[in-house]
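Encoded as structure tokens, the structure appears first; notes follow it.
Each chain gets a letter, A, B and C, in the order it is written, and its residues are counted from 1.
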């Protein structure tokens, strides 16, 4: 009985997905001819907070090992969309989700899918750096410990800090509190923490909005470095940042009922110089938002 | 004892009134100068009245402490602390009561602290908004307002009679544990709620399970606040008298309890017993007993305030 | 590296790991939650226990004493050979001391709250609040001592004919005891008044007095009422002060200067004696406790519903 209803739900979802696929399908990865199948295939995704619909019918492919930027004015649902990709929205009570998100072909929202496992493989960096009030070392080791690593973690911690381009700055202060670092260093510490558990994807929710330009530059440099190994999705309200770092850009806008929807997406190069949609053009040329 | 830290929202500081406004001469404005002076004086009088009301509490506290010290200090000797009670005030002491209070404190903490923390964690981190969690919440709020003597009747009916624990330390500690449980749960929840959501999300995003987030992130960060609440709850338990009288704790005990099933007395009951006697000599040793009780309570409070302030300084997210 | 990471955890390696939840972990998570839930249910068991014990013994009591005698007798003498069971005697004493306590605590607490919320500098607040917290934490037996041995002699000197045990000194001291509660809860209510409301009044040229008296207190009114009701409930349930200072002679009187016996004091009086289990005296304390429980419960519930409405006003 349980199985029946589960498969029924899945069937419904794929039917919906097929329906919406006929419409504006934004196959960024496919369009670019990227090396492989998309990392994420988002199909007809809608999300409600209680009665309020925050996302409407989003269909989008996210290319593997590329940087995809989600841009749009505040309140357009770009962070909400990002948080759908590792099921973080479930931590908020009263959230309902419709549609489908496939990660490497697996349905993230299938009943038998484990959100914990999802988040282990899809890492996230937040708007405001959020290291725990422990030492730099323990911040990085925390993720490793909860993922079952035991014993000496020194090498793994060092490797993660190196990958996050932070090692040289903190090698002498591993025992100091992570909260004692500067904002930019804290953010890179959070990136190191995420990288330490070896995810396949890094979701970044306006990672530079609390940082100064130099710290921002360092993070952007780091992202370019990381995309060789990771799929990166970044939410930003900074169009310059999107055009600087991303390979693909998706533009979102809230409709009249404030539900966020996808307007346009494509390769970043042509996206900013040659937008297809009038609203995108207005936005990227700074007429609103 | 004290309430857990309420949020100290900024209040408007003094608002500077501009006395001069362009154009209109002061004496021609509605009301006139005399009226405004009277208005100002009324405001001043009201402020002084409020200040006086605030001072009443402080004044009473000072008078109370002074009276107790004046009466109780002369008889507060080592003999007093190390003697058993006696029919003769000169020979009476608080040994059994003090030891009984410490026993009761330890046993109460043993029952109430784990239960209170666990309940607080469940309500904050596990419970969905169902009828069950709402019922529990409302129930806890109501329990916090039930008079302590009612808990005594519960202890008498349930622990002393039904469970046949008699007038033992165990019965007293279980009663006290139920009495302070709402306080511990409420302060645990407040401490947990003070942990920023970003901390939880950071851990969840690394693939932590709920219990890993609770044990690894939330509880360590909430610990100082929880400790403060626990200490304050336990200091309430140490000062309570009525429920223990109701379950029949004895007032005259000339031996030390050796197990949780032994009969016992506690400091407040001993003090009550001495206060109720007509002879002034007993009133004096009651005051001495109060000094000991207050020293215990104030040091517990100081510890709670210290922990609270240290936590505030250390954890600045 | 002493420990190799999971083989499938290398970045970019083809993923074959399933996203399914490992059964063992799911079980472990359930295992962790179960005891926590049980702990949360202890509070429910407590309430059920209180109600069950009170209802059971009260039922037994009314088996022997008809309800109408409990409600209509004008004497309370269950410990004498000629027994009367008029709860009104104990209730009137409780009302008398609680009312007296509120006469003390209500104006003082409200004014202190206005001072702390509207006038006091942050430094003064930092100094005063801990003192009030200490006042709130003093054991009630100490207040009882204070009432009997400090306040009563003063009353006797001021008003000749005052008995050693009397309602007035107990009421005064209960008032002092609940003062911190009244002032801090009222202050919380005033702090919840939006700043914009105050600033609007200041912008119209109102003085601080006018803002406090005509804007803040009215705006916080229901929150303050809730605080008062909670304080009354505390005064009603107060035991040691009345047991020590107000006496143990059940008298139906309005005079605050003679010995009386409140509901709580009666429970203490019976508990101190060696009352045999199952005797009528034993059952009376549960009947009295039931009345006390219902009274305080009504006050608490009323306070909470008023407060809930207040919170809706200023979320």
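By our rule, a contact is a pair of C-beta atoms (placed from the backbone, for glycine too) under 8 Å apart; a residue touches a chain by one contact, two chains touch by 3 or more.
Everything quoted here is computed from the prediction, not taken from an experiment.
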Given which chains touch which, is the overall layout a line, a ring, a star, complete, or other? complete
Given the two chain pairs A-B and A-C, which is bridged by the higher number of C-beta pairs in contact? A-B
Comparing each chain's Cα average against the average over all protein Cα atoms, the nearest is chain B
From the centre of subunit A, which other chain's Cα mean sits the farthest off? C
Centroid of subunit B to centroid of subunit C, CA atoms only: how many Å? 13
Centre-to-centre distance between subunit B and subunit A (centres being mean Cα positions), rounded to whole Å: 47
Rounded to the nearest Å, the gap separating the Cα centres of subunit A and subunit C is 50
Shared-contact residues (touching 2 or more other chains) in subunit B: 209
Which subunit C residues touch at least two other chains? 25
Going through subunit A residue by residue, note those that touch at least 2 other chains and give them in order. 116-117, 121, 197
Residue set of subunit A touching subunit C in the complex reads 65, 103-104, 106, 108, 110, 112-114, 116-118, 121, 149-153, 155-156, 197-198, 200, 229-230
Subunit C contacts subunit A in the complex at 1-3, 5-6, 9-12, 15, 17-22, 25-26
Under the definition above, what is the set of subunit B residues touching subunit C in their complex? 1-3, 6, 9, 11-12, 15, 17, 39-40, 42-43, 46-47, 49-54, 56-58, 60-61, 63-64, 67-68, 71, 114-119, 121-123, 126-127, 135-136, 138-143, 145-154, 156-158, 161, 178, 181-182, 185, 209-211, 232, 235-236, 238-242, 245-248, 251, 268, 271-272, 275-276, 283, 286-287, 290, 293-294, 297-298, 301, 305
In the complex of these two chains, what residues of subunit C are touching subunit B? 25, 28-29, 32-33, 35-44, 46-47, 49-50, 53-54, 56-57, 107-112, 114-120, 128, 130-142, 144-146, 148-150, 176, 179-180, 183-184, 188, 191, 195, 198-199, 202, 205, 207-210, 212-213, 230, 233-234, 236-240, 243-244, 264, 267-268, 271-272, 277, 285-286, 289, 292-293, 296-297, 299-301, 303-304
If you look only at subunit B, which of its residues touch subunit A in the complex? 128-129, 196, 198-209, 212, 216-217, 221, 314-317
